[in-house]
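So that you can tell them apart, the chains are marked A, B, C, D, E and F in the order they are listed, and the count of residues begins at 1 in each.
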Amino acid sequence: MFVPRKILEEKLRQLLVEDLGQGDVTVAAIIPANLMVNAIVVAKEEGVVAGIEETTILAEFLGLNVQDKVVDGAKIKNKQVLMKISGDAQTILATERTLLNLLSRMSGIATKTRSLTDKLKKAGVKTRIAATRKSAPGLLYFDKKAVIVGSGDPHRLHLDDMILIKDNHLAIVGSVEEAVKKAKANGSFTKKIEVEVTKVEDAVKAARAGADIVMLDNFSPKRTKEAIEALRNAGFGNVLLEVSGGITSETLLEYASAQIDIISMGELTHSVKALDISLEIVKN
Amino acid sequence: MFVPRKILEEKLRQLLVEDLGQGDVTVAAIIPANLMVNAIVVAKEEGVVAGIEETTILAEFLGLNVQDKVVDGAKIKNKQVLMKISGDAQTILATERTLLNLLSRMSGIATKTRSLTDKLKKAGVKTRIAATRKSAPGLLYFDKKAVIVGSGDPHRLHLDDMILIKDNHLAIVGSVEEAVKKAKANGSFTKKIEVEVTKVEDAVKAARAGADIVMLDNFSPKRTKEAIEALRNAGFGNVLLEVSGGITSETLLEYASAQIDIISMGELTHSVKALDISLEIVKN
Amino acid sequence: MFVPRKILEEKLRQLLVEDLGQGDVTVAAIIPANLMVNAIVVAKEEGVVAGIEETTILAEFLGLNVQDKVVDGAKIKNKQVLMKISGDAQTILATERTLLNLLSRMSGIATKTRSLTDKLKKAGVKTRIAATRKSAPGLLYFDKKAVIVGSGDPHRLHLDDMILIKDNHLAIVGSVEEAVKKAKANGSFTKKIEVEVTKVEDAVKAARAGADIVMLDNFSPKRTKEAIEALRNAGFGNVLLEVSGGITSETLLEYASAQIDIISMGELTHSVKALDISLEIVKN
Amino acid sequence: MFVPRKILEEKLRQLLVEDLGQGDVTVAAIIPANLMVNAIVVAKEEGVVAGIEETTILAEFLGLNVQDKVVDGAKIKNKQVLMKISGDAQTILATERTLLNLLSRMSGIATKTRSLTDKLKKAGVKTRIAATRKSAPGLLYFDKKAVIVGSGDPHRLHLDDMILIKDNHLAIVGSVEEAVKKAKANGSFTKKIEVEVTKVEDAVKAARAGADIVMLDNFSPKRTKEAIEALRNAGFGNVLLEVSGGITSETLLEYASAQIDIISMGELTHSVKALDISLEIVKN
Amino acid sequence: MFVPRKILEEKLRQLLVEDLGQGDVTVAAIIPANLMVNAIVVAKEEGVVAGIEETTILAEFLGLNVQDKVVDGAKIKNKQVLMKISGDAQTILATERTLLNLLSRMSGIATKTRSLTDKLKKAGVKTRIAATRKSAPGLLYFDKKAVIVGSGDPHRLHLDDMILIKDNHLAIVGSVEEAVKKAKANGSFTKKIEVEVTKVEDAVKAARAGADIVMLDNFSPKRTKEAIEALRNAGFGNVLLEVSGGITSETLLEYASAQIDIISMGELTHSVKALDISLEIVKN
Amino acid sequence: MFVPRKILEEKLRQLLVEDLGQGDVTVAAIIPANLMVNAIVVAKEEGVVAGIEETTILAEFLGLNVQDKVVDGAKIKNKQVLMKISGDAQTILATERTLLNLLSRMSGIATKTRSLTDKLKKAGVKTRIAATRKSAPGLLYFDKKAVIVGSGDPHRLHLDDMILIKDNHLAIVGSVEEAVKKAKANGSFTKKIEVEVTKVEDAVKAARAGADIVMLDNFSPKRTKEAIEALRNAGFGNVLLEVSGGITSETLLEYASAQIDIISMGELTHSVKALDISLEIVKN
């Protein structure tokens, strides 16, 4: 997901434009033009920071100077200064909220993701935590980027990068075998094929039909183990296994210990708790 | 915040475009073209629904048929059908996620907002719950709309619709009086002037200087009452009073009982818990 | 109405694009590439200049160098040099017309506005001159900015920044009282409420119902005074009063002497007389 | 200048979007949703109407119904109904100003243009009135269209449709002959070549070098006749002649009688007096 | 690559807009408004048609009526009518060129692709013909779609849908093993990994490191067979094999007979011979 | 066709955006951030280069450094280095394909065009080679620019810059005379009028009616000479003559020797053979 900085500038510009409307009337009325000030961006709670790259690009695009910034993915403490911004006072104040909204959301996502990936790492398992496409509408890029910063896997970036056959597709096509057969016949060789299943036997059918990845939908840890067993017995021990639905921080390790490859969780991006971060003008 | 439906179509189209990328490869590979199907949108938990208008416009814009939809703002139950969609199967499946992402987020915001406004209503106080500009970046319109559906006040829609003097402005201008004086001299007569204060005496100074609204920043209920008292004593009992920062569901009524006019809460839009809603293809 | 310069660049770029089409064929055919020249922007009549900031941003965005520019709002004389531009000859010539169109229009608006505000200032009254939303379509931002430069009040920036109840709203709602009541119940506390009235008694009704501003529509100076009297008698001497419609340079002071707060005039932006300004290549 | 209606919709949508901002707060607060009303668009003074096609497309694009509309180019009387609009009340009220701004400006341009073309027609001369590129920035299309409706010639539509060599080009290139020579060598055969001259002898030089059109810049009627004479004597009686600068309604016929082909006037589009037109909700 | 029709409309609209400029001046001058005519789109040579879906959407978007259209992918004969279009004459004529440009290019791509896939089919081999990203700039979507219609594989749709390690990546990373190792560690599990190699031993190294696909760059048929042999001997007979570079219609079957999985050819989209297709107004 | 570089940047940015999608996943996974590398752009066959200006602007826009570039229009040899690019490795690799696609297509167009214009030059005739509007959809600007670099005439840039009456227009209007008459009456004096004819007598009729240019559609060299003869005899020897359709490299000089002014060929832009050009990372 590398995007040249000039291309990111345009994405970021659009976020700012909505908030500006016809222009900041407060700043126009009370803040002098061409006044240089310093500001700091400060964490108000601990967590994992994400969005430093993006907000730096936004600030620099606007002609502001950014210094002493922390690195995306770093663990940050309460009261830690995340970056110093200096430049035109009107510009800093008119951009403050857009900048913080992005930084707080992305850091919130990274913090939650990292808390889970750390748990798995400590347990010594190789299971990955993955996001879903359940992001805030229009924010797929930034939400996925924050998951990566939090050491998670972004999963599909949008609808064109993997064939993922879900319940609603199966309701129309009829059977797992038929769906995978069509996917292999009509899809490009460049795409992996994943199938979401609700029954152990469908997991085996999907693998046999040639799926690269099988997603167990709302399986308990116990049923997850049964599925893994069934797949191994059928000779498909190498198929990637993803589990999704109903997994909590508490049950995470139980799934992981079943040697599942990927655990995907919608709440990483659809129910974000923003990290508390603020911007403060520094009096010289 | 009335926007003609054709203008909303364009906002919604842009949300869909990011998720589509070069096109849905799953649907292209396995779902027949021109197949008509029926689908239902179903709540998976109870709450207050928002986004029915927007998702209906999106679906109809794409040529789908929407029926039996609930009304935005309605209290919905687990398993309740929120709308029925019929039409081209490929289109429904390619749009499902964008539609649900919007509906779930907006309903999550409305549900949280309504839980607070209901609390105040039951207590018989006139205090309003208001949002802030701490939305997901780029989603100001939809986030504010969801707050309104949840019976909250949207507060500023962006930076051009009220003069709101905050801590960082004051750090530059120097004093509350000077800031309000400049706002009155340079701002348009069409805008209200609000000042955020951290001290009781500044509340009085702001009112005396001519602020229309005073925001008490991070005041405890006790200090809130002191501020109200001080304002009344100084003859500014009519100034609108907003309190923001550190207020929880638990302390809400304590603030309200102090006869505060508005309680604004950033978490309504920056830390949304999406309402669980899904779309199901209906087999005929 | 502060907009960071990089955001203005994009607005200005779009104005240029329409005029360029597939490119300037004259310049391509007869002007050498990479030729550095100097040019001056010169007033051909006296007036008040506006648009210096915007045209400077446009020129600098295109890589041109701008020097010795006058300040927006300055009174300028016939033959006065407003700015010096140096840089690539092809770029200067291809941009000349867009730059002058913007500068001439904005200066025309500022000149007319200032002539009225100066008149009021000399008369020692505090009445403000305000614009309306009757701008050239799509040019709200630049037209409002020019009014501000001419010492006028921009009035509403668009449809989201004040509740302004006009004749057509009242024709549907029925009464002034009902309209204001609804506005107070359904509108955000952040917005002022203004009502346009055609009768003296409706001015009082509007104020009583809680309007912040009352607009007297097509009132003669005499009826204007009656309205002011009636409002005072009813105890609403503090309500802001705006008068609009049928006011000319000649009758301006008569209205002002009635102690009206705001006089708004559509012709400031809908019937602009462009200030005559030209660009001249300077032979070295 | 034929543009398919769906392409015009997008141009018109953009004009509306700026005025809407985050949405019409007045209409949202006090006008019921889904209320059908009737409105009439009425002239408040006589003139020539233009923009009926464009505003009809805008209204119909928004789902409104337009009936009994007059034809673009028609002479209209004070109090004449120009079109009837029916449909959703909120939509009509939120669009009213954008629609009227466009219609008033275009009609103002057409009225002024027609007053001049009528004068020439009555005098029995074939001289054309032409616009320039001195339009409101970004409104070239609508301004040119209005000139055409007023029976004028739009002149260049932008910088790519004719080679027009003006004073600033000549200041760089050096001589009329050299400029035309380069234009013929480097320009496409599809483009006419026009040269602006300030001296009679340059008119002859331009024609001799092969210019299709010669523009006499700021020539008095007397010098205009001298130029025509000189061109005829030199055998270039067939070259098209345009005169521009300093021509008024009063001197118009004097120029025309000199058998000039085209008289172009910047004020047709840079100093528009909008025609007074209003929209009224009709009570049933 | 399924994209809902309304989303395609916008892509198609943008193609038309460039060609229209400020509007079709020929049609405006000589074709009556609101004249209904019939037209046929006719092939001037035989081939495989593509773009019927896209041009139908464009025509219908503009309000035209399309009938009797052939199916994308059909083999068409010289003089065959591909579709009948009826509607507004001005609209048909102003759109004719954009419509034909798209149809001719897409059909040219499909015709070339099909000629190759037919050859392979007749030879009874399962080798696929694939495109590359060497399309006309900005036309990736339409070029890839035409390849699919021609029974080819679109390969990567853009830079986000597979990890494809090429010579320039290897020049930086150093070795095939290191590159694949990094790709597996840092890439998402949803993406396949392909490596381009220039030596037989690197093909084996890539497979051993875990590549899903190996691309043989500029391999002769003989070296291709050696690579296949080496991979089988090393136990990687299941890895997908793509060959690219220097393959012609003549040598195609030689490669295919080596049991290569995919043959990709840049000229399918970078050196298109447009199919000759024209539009004719039908006199009634 | 001069377009300021900042305006070109935006056109070029849009070409890149489609190819990037959500970002380059290969580069993100295996190439270190902030690694400076050098690259060369090398011709793989001889030809005439075009697009150096555009690709330089794209590269520099992205922050890359371009040096030692050849000049647009230069004849280049196989293995010749066309430019050196240095800068961020991730950026170079993510942009490589878009840059080469543009350069290869434009150079292919220029090479073909120059081969024809050189032939005419050697033969000592003044006939021009011209393009048509049969470009790749959406690439009119770049395709026309490449024709100019190849010493060809771009012909119409889009539908607004000349009145060109073709067979389908005539099918509706009825006669050549009527069509030209309408064009002269309704079209702007700034536009030339060209008529496409299929019969010798229509060529004379078009000239007599006042056409500036006559296009002979699918005329053999013999009929072309007859048309020229007939026009001279009728006294229209000065009308510009264009011939189009069925002309090949072989018959080119036969047409030219007939003293035709312009030969236009659709295949210059609709059936481009891309010039083989590649980018290579240089190991230091």
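Simple rule for what comes next: a contact is a pair of C-beta atoms (placed from the backbone, for glycine too) under 8 Å apart; a residue touches a chain by one contact, two chains touch by 3 or more.
What you are looking at is a predicted structure, and each value in this text was computed from that prediction instead of being measured.
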Among the chains here, which has the CA centroid at the largest distance from chain E's centroid? C
Farthest-lying chain, centroid of Cα atoms versus that of chain B: F
Whole-Å gap between the CA centroids of chain C and chain E: 52
What's the distance between the Cα centroids of chain A and chain B, rounded to whole Å? 23
Between chain D and chain E, what distance separates the C-alpha centroids? Give it in angstrom. 45
If I count partner chains per residue in chain A, which residues reach a count of at least 2? 1, 20-25, 27-28, 31, 94, 140-141, 157-158, 160-162, 188, 191
Would you tell me which residues of chain A are touching chain D in their complex? 21-22
Help me check something: in the complex, which residues belonging to chain E touch chain F? 14-15, 18-31, 35, 37, 39, 89, 93-94, 96-98, 100-102, 104-105, 108, 133-142, 157-165, 167-169, 171-173, 179, 182-183, 185-188, 191, 267, 270-274, 279-281, 283
Going by the contact rule set out above, which residues of chain A touch chain E in the complex? 1, 128, 130, 153-158, 160-162, 188-192, 194, 213, 240, 261-262
Touching residues on chain A, where the partner in the complex is chain F: 1-7, 10, 140-141, 144, 157-158, 160
Which bits of chain E are touching chain D when the two form their complex? 13, 16-17, 20-25, 27-28, 31, 61-63, 90-91, 94-95
